[in-house]
Structures are given as structure tokens and as C-alpha cells.
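Note that the chains are named A, B, C and D in the order they appear, and that numbering of residues resets to 1 at the start of each chain.
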Amino acid sequence: MDLTYTEEEEEFRARLRAWLAATLPGLPPRPDPRDWPGRRAYDTAWQRRLYDAGYAGLHWPADAGGHGATPTQHLIFLEETELAGAPYVGANFVGLLHAGPTIAAEGTRAQCSRWLPPILRGDEIWCQGFSEPDAGSDLASLRTRAVRDGDAYVVTGSKIWTSHAEVADWCELLVRTRPVSADVPGHRGITWLALPMNAPGVSVRPLRTLAGTTEFAEMFLDEVRVPAAHRVGEENDGWRVTMVTLSFERGTAFVGEVVACRRTLRALAEAARGNGRWDDQEVRRTLGRLNAEFTALWRLTQWNVSEAQRAGGVPGNSGSVFKLRYSHARQELYDAAARVLGPGGLDLSHDWTADRLSSLSYTIAAGTSQIQRNIVAERVLGLPKGR
Amino acid sequence: MDLTYTEEEEEFRARLRAWLAATLPGLPPRPDPRDWPGRRAYDTAWQRRLYDAGYAGLHWPADAGGHGATPTQHLIFLEETELAGAPYVGANFVGLLHAGPTIAAEGTRAQCSRWLPPILRGDEIWCQGFSEPDAGSDLASLRTRAVRDGDAYVVTGSKIWTSHAEVADWCELLVRTRPVSADVPGHRGITWLALPMNAPGVSVRPLRTLAGTTEFAEMFLDEVRVPAAHRVGEENDGWRVTMVTLSFERGTAFVGEVVACRRTLRALAEAARGNGRWDDQEVRRTLGRLNAEFTALWRLTQWNVSEAQRAGGVPGNSGSVFKLRYSHARQELYDAAARVLGPGGLDLSHDWTADRLSSLSYTIAAGTSQIQRNIVAERVLGLPKGR
Amino acid sequence: MDFRLTDDQRALQEGVRKLLEGRFGRERLRAAVDGPGVGPEASLDRALWRELGDAGFFALRLPERDGGVGLGLPEAVLAFEEAGRALLPGPLVATHLAAATVPGAATGERVVTRVDGELVEWLDAADHVLGNAAGAVPVRSVDPLTPLHRVPGAAGGDVPEPDAVPAALLTAAEQLGSAGRTTEAAVRYAGEREQFGRPIGSFQAVKHLCARMLVRTETARAAVYGAAVTGEAVEIAGAKLLADDAAVRNARDCLQVHGGMGFTWEADVHLHLKRAWVRAERWPTEREAAELLAAALR
Amino acid sequence: MDFRLTDDQRALQEGVRKLLEGRFGRERLRAAVDGPGVGPEASLDRALWRELGDAGFFALRLPERDGGVGLGLPEAVLAFEEAGRALLPGPLVATHLAAATVPGAATGERVVTRVDGELVEWLDAADHVLGNAAGAVPVRSVDPLTPLHRVPGAAGGDVPEPDAVPAALLTAAEQLGSAGRTTEAAVRYAGEREQFGRPIGSFQAVKHLCARMLVRTETARAAVYGAAVTGEAVEIAGAKLLADDAAVRNARDCLQVHGGMGFTWEADVHLHLKRAWVRAERWPTEREAAELLAAALR
């Protein structure tokens, strides 16, 4: 049980910190959240700076153009950038954390050299076309169909919850290439394709969330031709191709968010001391309990990263334990914020009120808490599958 | 929505109150809880007094020897006896509230005249032999076997959670008379028998609970001969026979307990005011919230009783809603008691600490909360059965 | 004792439900939510307001000799429960409470709001304000159908004005209606939505979420109806506490049952949650109610 | 950074587990629970105590030059976690803490207890008491394996004695062990017990209870191990808070999974619950920990 960092890790941290201190003041102002082209430009410019400074694709393998950093270095990178208030990965998210690693692991040499460098340089951004209106928790039931026609697939269907679709260059798309039947379970007939977002037949419609914003979009595909050369992995093997990357998760997925929550918690305490709510024992102790909660979540992150560092890749199972606890804790954090704000909790001008609305998705997105509990019960605890 | 009582009901209440005031001071001291014969004698003596005063079998139909009281009168009876600190139904429970009504509804004339009057007079007491070690939530899977042999059934098996078995005269027993098969679901081959507890082959072993007491027993049946004349209803029809009584529940099942909880809550507030814990906002507000809770549970009781009064019998469904809320509220009440007592909560000399231990069974006994939620979801809300 | 609804009460309940379904059904609701005048500039539908007046919604408890319907708190609670189900916008409670004192309120000709703690709903739309709203500043309301102003320093003393107790009860009734509505919505969706080849409502986890919602609703119903009959201040505080809890938690569970769909603007569930949050801030808040209920334990 | 257990730590963990399985396995536990000397008269197994001493349980953190094992808080936490799993009785924390100061404590020859808040465990069995137990009166302890005395008026000031912080950590470790043990017990029972023709662990409701138990255990584990490494007082308070919660709630969920069987004296689950209640009353209680953690938010 060692929580001290090696000399090498501390050096890495110090260099990064110095670079952030020198770089951040020179950044342009953040764009309006509704200005998608502005956001793309801002996020990719930041990615370019990371690239130039040698931080792009930190955790990617060296032969994919990355730096092969350890999970611990990645943790340090995410912690320090969050602490410094650096821009988020934003529009580069899918490329850097999902599509890119998938291509690196399963793509051909040609595919790697076509798609990876532009991701690292911030030249191209990717979005994700996995979920469908009728395939949410049950992703394997997806219905968007692709039919082979010569050297292309013809794709028809619709996708949902696609972030940055309006400004993405590419979409990592899961399509059904073999119909489900008694012999073919849902996850067997799926194929992974790289869809150029400017292909004829692709249309995008912003999806308004309950927070009133349009962070997501729906995507409609009407006989879109995707070259067969854009297929990563074998036909009908897309489920495995995708899961390869999911199991590549190294315990760092929520590092920035946990750091941010701890900062928010301190700000809440300060606000409560300022507006008198601190004198309410219930409010005060609720903040105290959340302090225990987020400290533990930080330690749990360090635990998972340590496991990943040695064992190579955290099984998604510890990820489920973490996500269950974290998503509920984060919702409680914003419930606590509402109690601190009192009537002000109804005012959307407070970031915490807007964040409270966004936090409602945490127990749903990327696997509902119900699905996560199934995973923990069946895969970690070994309880029998239900019928 | 009328919560006022009729003149007739108020008269009933006044008469009962006067009788209780005159009668209770003359009662002997309560026996030691471990003295089973003493408890039987005390409980049956109380039943005899009720009988002499015309309160025995209040809610039983007149032709069964009862008074055909309305659910509202029954509610008043239970409320007033609890408020006055009268003895509980105790050892008479199964006879008065389950076996008796079952016999009244499904028994022959001869069976009624043999078994009902002694119940009402407190001459005989009954216990219940339903649950088995391997048939808890899934009662229909019970395995105690009865084989017809001439004019008797020969019964072999074991039962558990049988209160008052040590001192009971009779046991209402569910036995399997037809083996389960592909064509015969579990609840089809069950028969209801009245077992004389002094029959050869019956043995009883006290069952110690986590509270350290022996409120329950296990019962072992080794080739016990039960006369066929002791069967109530048809052979293999015992499931329906039993359910008839369950659906006879008139919303009054927890009247005394809710009244008692409200008294406990006031006592907790007094204790907290006395020992300084009242100044802890969390403790104080927890008691306030429980005040809302038990007031609502009282109103819910009145609601269910009103439904029963008009519709004749509350469907077990409102019973499930009530029981779910009540059993959790009661556990919270004793958790709150522990907070009021502080270190004293670890001291078994406090009744509240002992009661806290007993309260742990509320979410399990008579249908776990999980089973109750299934009932609510499937029978009240009409959600599809799981597979 | 017969705690059930009388035939007249059932008829009233059905009448209000029908009226609101006709005049403020889902299409009208969505038009209001997605219309231009949402947020601080939300405008009140005056025609609907007068129609509510004509139907006796505001004059419900006025004596018949004063042109009212001559009914009591239980009937008002039933009407407000329906308003909560339908997400009917506007300062309904204040206008109802002002029926006897503010001319035109009873008929729906004038719109009345009131200062509740530090908040005033629909200040710009109102013709009359109960309480002192001087210095009120607009707030970017979380609920698109409830414009809010905040009156700095208005958070009153420990003793609320006389209207506060019936206002709390009627608010609780609205919360109850919302809790019932989100329960129904969750159950319906759970029965229709299929995942893994079966309706999600056949999964025990979803089933139990729905069962918990019903238990909350029915407990809150007993509390609210009981408080309406007795009219006791402490019982009303308890009813508000339980109804607030039921409305907020049911809306969240309903959202959870709806999964991603529940997170969209098009689903109604967020409107229930946001309105429930707004109503939970009305007096007594959870904290205030718990204190009142504790103090009453003697 | 490598937060995982080192090979030595794993070996220690396994060693203590084996020692306790051999010397205080289930039969020995049940004999203690069902034996004559339970409750206020419970007697301590002196032979076992000395064996613990021999194994270095008490001298774990003493420097080797003083005859100790020379290890640190993380190793002590692993040992106490095992003690919690095994429901090992006795004033383990106090004797461990007294290893350096009370002669004979390190070797298990003398039994040391301490006053914690208003309570003292195992007073009659102890040879030495840390703190002032004057006027202590016996209590009918809810835990059959932890005799208790209460010292009226002993509930200290806001500043606990120096031992209090490591004591809190070791208590949290015991709670963690108990939380892990009840999780395993629930999972095992859920896999074996059949109702409705299938293991109850195949029902989602039971499955999710077990999953929640594991999440509580693993979160508490991260908190306790982290606090052991840093040794910071506030982090230790947080670890105690989360471990108390995990131990108490897991015991209750374990009881629920066991159904009626869990309510029997023969099942071990009530022993875990009662011990967890006793440990939760040690400093800092939930309330005290929450206040410490709040005050640290700057």
C-alpha cells in the first residue's frame, strides 16, 4: 500500500505543472456552450497544444503515436490538468479515448496511419454511433442495418446520444450485418465501421436534454455508403472489437471528475459558511459525509489505477463498483448544493443548479445503475444469471 | 372523506373505555416472558374476561359466535385496548385471527361447534403450522407430507416459526397430499388439517431468535395420525381455504402496533428532551419526520378500514402497501431510539434496544419486503410477471 | 367514519380531471413548454384562468351566498391534486386563497400571487400580490413553467401568515397529484419498453422501483387527505413533508425507469421534477416541517 | 504509487486469517456465544490472548528493537480487518495500542482496555485500563461477546486523547472485515437457498442487495487502506464513518437475504450486526465524524 509517487512520476508532474502554468494564461476565452464550431475549434486547438508539447495520446502505445504512459502518469496528467483548470478533452473525447484505441488495437497498419495521427494532432474529431432509440441498456439489440454492396456497406438506421455529431469528421459506428435469429444472438452479427460524417445520407438533429441544452444529437442514416475498407476488424466481429477497448479502461475514467467534485464540495462549504446554512447541523454534516465519500472515491481511483498498472487493464468489474458509488455520490453532491443554496437552488444562474440537472444522467448513461448492479452481482460476486 | 365516528361508534368506544377502566386494575401482574404456561394462563384469562363482557370474537360473524362488528368497531376496539394498556391478544392470536375465521368460513357445522366456542372463551389456543425451513417466501413449496390411511392422515415433516407451540392445543396445519409434478403446481396439492398438539409423534423445540428469546418454535411431525374429520375444506384445496382468511383481513392488522409506535415516538421525544439529544437538529428532525410517518400510517389504516367497511375485505394489495411502509418505518423508529439513547442504545435493559432487535424481523416475517414489492408491482400496478 | 371519497367528491375529481384534460392536455402543456414565452417571460393563459374561475376552481371554498361553491378543504385538495397531475401552471394556490379577499380572484378575472419565504411565483403576470414583494428580482427559474422572483431578506420569522397553512396543504395536494402521475407514467413505460427481449417492467429492479413509487404515493395520499379533513397545522406540515418527498423521489425514479428517454426535454418527467422542486421550497420546507412536527411531539 | 498490497502484506493477511481460522473458527465462536459466560460475565480466553501475543498481533507496530514486529498502520489494519471478519472478541484495539506503554500488553500476558466516550469494553476481564473508569456501572450489552460498562459523565470534550485516532482506524478496519464477511455470507446463502425453484440469488432484488453490499465494502476498503497509509486524522474519521456504515448496513442486508434464517440465534449474522453497533459507538460516532469532516472542508 504505497501512495507515494516515484521520482520519475514526480518529475513528470512537475514538468506538466510548469507547462500548464506557462500555457493556460495564453488560451483564448472559452466559447459559448451553444457555439459548436467554436467549441470544436477551441478543443482541437488545445489538443494541438498538447500534441506540440508531447502530451497528446499520453496513454496510447508508442507504435500508435502515443507515449505509452503508465496508468499512474495518466492519473497525474488528468489530476493536474483538472487542478489547473485546463480545458477538457471535449470534442476529442471519442477519438482519444475510444475510437483511437480501438483502431490502434484492431485496425490495419493503413487504418492506423490514416486515422490516428489526425486524432492526436486535433485535426479530426470523432463521434460515437452506438446507442439507438430501441437499444439502450441492451446495446446488442441494435438494428441499424448494413448491407454489403460491392466494395461498400449500405447503412440505414438511426443512432442517438451522439455527442459532437454536428462537428465530427468521423463516427465509430456499430451496425448489424447479420440478422438476429435463433442461432445468431444479438451481439454476434455486429460490425464496426468508420463513417465519414460528410457522406451523403447522414443527417444530424440536435437532441435537447432536460437541462435545456443540446449536448447530444440524433443521427439518421439513409442508405449511406461506407467503403468496406473502413471496417475495423472482421465482419460480424464488431462487438468484440468494441469490447477490447472497453476492457482497456485503466481506472482513470473519472479522475478529472472526482477532482472537480472535491473542489465543488469545498466551494459548497464556503458558500454555506457565507450564507448561514453552515449553522444547520444537517447541512453541515451532509457536507462532512460527502467529504468522506469523495476522499474514498479518490482512494478507490488510486486503487484501480494501481491494479491497472500491474495487471494491465482494470476489468470492467471494478469499474462498475466505482461507477455505482460515484454516480450516486455526485447526485448527492448536487442535492447538497440545493440545500446550501435554499431558494437559490431554483435559480439556473447558479452553475450548481444547472449541474444538478446534468447529474441526473449519471445513474443512466453508460450503463444504468440497475445494469451495473447486475454486472457486479453476476461477474464479480458470481451470482447466477436471472431467467 | 369523513373521519368522524357515528354516534353508535362513539357509544361503543365509551362503553369499551369504561369497561377497560374498570377491568384493567384488577388484572394480575404480567407473567415473565419466558414462562410459557404462565403466559398462556394470563392470555386466556384475559380472553375469558373479554368473552364475559361480550367483546370476544368482536369481528366474527354472529353465526360463528361472534358479534359481527364492523371493521370500524374493530379498529376502535384495537385502538382503545392499546391506548388503555390492555393485554395483547397473545396466545389467542392464531385462534381468533386466523384458524377461527378459517373454520368459520370453510368448516362444517360440526367443526364450527367443536372448535369455535373454546377459542372465544379462551379455553383452547391454536398455533400455526405453515412455514417450513425450506418453504418460506415460497410457501407453496411446502413438503410436510400427509398420506391417507383409513380415516386418518399420517403426517410427517417439520414446521418452523410456530408461536405458542409449546402451550397450544391445536395447530392449523398445511400439508402436502399430492406430490408436485409437471401437471400439479405446488399450491394445488395442499390440505388444511387441525392437528391436536398432544397427538403422538408431535415434538416441539423452542427456536431462539437473535433477540435471545424463544418466541417461536420448530415443530417436528413423525407419522402423526390426524383424523380425516379434522380436515377443513376438500383434500388438496387447502391453499384456497387458507387464502380465504387472508383476504378476510379488514385493514385492522396493525392498528395496535401503530398506536403503540406513536406512543413510543412521544416517549422518545421526552427522553431526548431529558438527555440533551433534542438539541441535535438531526435527532430532533428525525423524530419530527417519524411523526409525519406514523400519522400518515394511522390515516392509511383508517383508509383501509373504510374500504373494508364498504367493500367487504381489503384486498391484500393495500395490505402490502401498508406493510411495506410500516415495517420500514418501525425499523426507523428503533434506529431513532438508538440515536436518542446514544451509548445507552447498546444496553438491553432499555426496552427500545430489545425492541430494536425484534423489529429486524418486520421486513422479513409474513412476506419479505421483496415479496411485497412483487405483489404491489404485479397485482396492483399490473406489471408483467418476471420469468 | 368513512374516509373514502363520497360520490360527490368522486364526481368533482373526475370533473376537474376532464376539464384539465380538455383545456390543458399534453399538447397544450408541450406548447407552453416549447413556446416562446417560457422562462422569466412566461405568460399566463388568461383565457384558461377565467375558465378555471368559471368552473369554480378558485371559488370552491367560498360560501354559496358569496357566489362560491361552498365546499371545503377536502374538495379543494382533490381539485389541486388534479392540477398537480396535469402540471397546470400559474399561481393557483394564491389565487384560490384570495377568492374571498381580492375582488376578481374567485372568478379568475384577476390573477393573484403571494410571497412565500423569499420567493414569488408569476410576479409579472399577477394583478395582485399577497405579501410584500418590494425589491423582488427575477430569477432564472429551473421550472420552465414557473417564473420566479426572489425577494431578498423576505424569509419570514417563525410564525407564518394565516394563509400559510392552507397554502401548504394545497401545495401538498399538487405534489400528490404529480407523484401519482409519475407513478402511472413509469408503470406505462415499463410495460411498453422492451430490452433484452422483454418489457423492462418484468425485471424485478424496475418492478420494485415502481412499487416504491406507489407506496410513496399512497402514503402521501393518506397524509394529505387526512390533513384536509382535520385541517390541523401539524398534520398539514406532515402531509407537505411526505408529499414533497413523494413528488421529488417519484419524479427521479420515473426518470430512472425511462432511462435515456427520461433525460430528454421531450419527456414530461423533468417538468414534474422541476415543479416538485419549486413546490418543495414553499413553506414549510422539509427542514421547517420536520421542526414543526418535532415540536408537536408531547 | 502502488496502492495494492505488497507480497509481505498479503502474507501477513493470510497468516492472520489462518491463525484465526485455526484458533477461533466457527465452532469456537459458537461455543463462546452459546457458552455459560456470555453477557456481562463473559470471560476472555486468556490462552487465545497469549497466542495472539505470540503471533505479534499486539506488538505488530512496536519497533523490532523493543521486541516488536516493526510494522506500521497498514499492516495493523490488515490484521484488525481479519479480527473483524472472524468476530474475534476482546479489547483488541486497546491492548494493541498499549503495547508500548503497558508491560505485558505486547505479549498478550496482560489484557488492556480503554475508556471510549462513556463506554468501556471488557472492564472486568482487563488487567489494565487506559483512561479513568471510576464509577463504571455494568450494562446488559447487546453484543453477547462484548461485555460493556458505562462511565457516567465520561463523555469527553471535543479533543480526544492521542490514542483515539489510531483506535478509530483500527476499529474501522474491524468494521471493514465484518462488512466483507457478511457480503460473502449473503452471496453464499443466495447461491444455495432455493425458493420458487431457483436460487434466490438469481432474483434481481437479492442480486442487487448483494451488489450494494460489495460496493459499500470496497468503498470502505479504499477509505480504510488510504487512511492507514496517510494516517491523517480527518481521513481516518472518514474511514470510520464509511466502515461503520458498511458494517451495519451490510449486516442488515445480509440478514434480509437470509430471511427467517437470519433472524435465528444460530445464524452468525446477528453477531456481526451487534458488534458493528458496538463499534459504531466508539469515537468518532457518525455524528462526530461528520462534524470533523465538515470542519476540515476549507
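Everything below uses one rule, namely that a residue touches a chain if its C-beta (ideal position, glycine included) is under 8 Å from a C-beta of that chain, and two chains touch if they have at least 3 such contacts.
Please read all numbers here as calculations on a predicted model, not as lab measurements.
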Handout entry: Set of chains whose contacts include both chain B and chain A
Key = C, D
Fill in the blank from the handout: Computed over C-alpha atoms, the centroid farthest from that of chain A is that of chain B
Exercise for the section: Report which of A-D and A-C is connected by more C-beta pairs in contact. Expected result: A-D
Problem - Mean-CA-position distance for chain C and chain B (Å) - result: 39
Problem - Averaged-CA centre spacing for the pair chain D and chain C, given as whole angstrom - result: 49
Practice task
Take the average of all CA coordinates in chain A, do the same for chain C, and state the distance between these two points in whole angstrom.
Solution key: 38
Problem - Residues of chain B touching at least two other chains - result: 280, 282, 285, 370, 373, 386-387
Exercise for the section: Would you pick out the residues of chain D that each touch at least 2 other chains? Expected result: 203-206, 208, 287
Practice task
Examine which chains touch each other and state the graph shape they make (line, ring, star, complete, other).
Solution key: complete
Completion exercise
Per the touch rule, the chain A residues reaching chain C in their complex are 131, 133-134, 136-138, 141, 160-161, 207-210, 212, 280, 282, 338, 342-349, 353, 357, 360-361, 363-365, 368-370, 373, 386
Handout entry: Contact footprint of chain D on chain A as seen in their complex
Key = 1-6, 9, 72, 265-266, 268-269, 284-289, 291-293, 295-300, 302-303, 305-307, 309-310, 318, 321, 324-325, 370, 372-374, 376-378, 380-387
Practice task
Flag every residue of chain C that touches chain D in the complex, lowest number first.
Solution key: 203-205, 208
Exercise for the section: Can you check the complex and tell me which residues of chain D touch chain B? Expected result: 117-119, 139-144, 148, 150, 155, 194-197, 200, 203-206, 252, 255-256, 259-267, 269-270, 273, 277-278, 281, 287
Fill in the blank from the handout: Residue positions on chain B within touch of chain A in the complex are 280-282, 285, 386-387
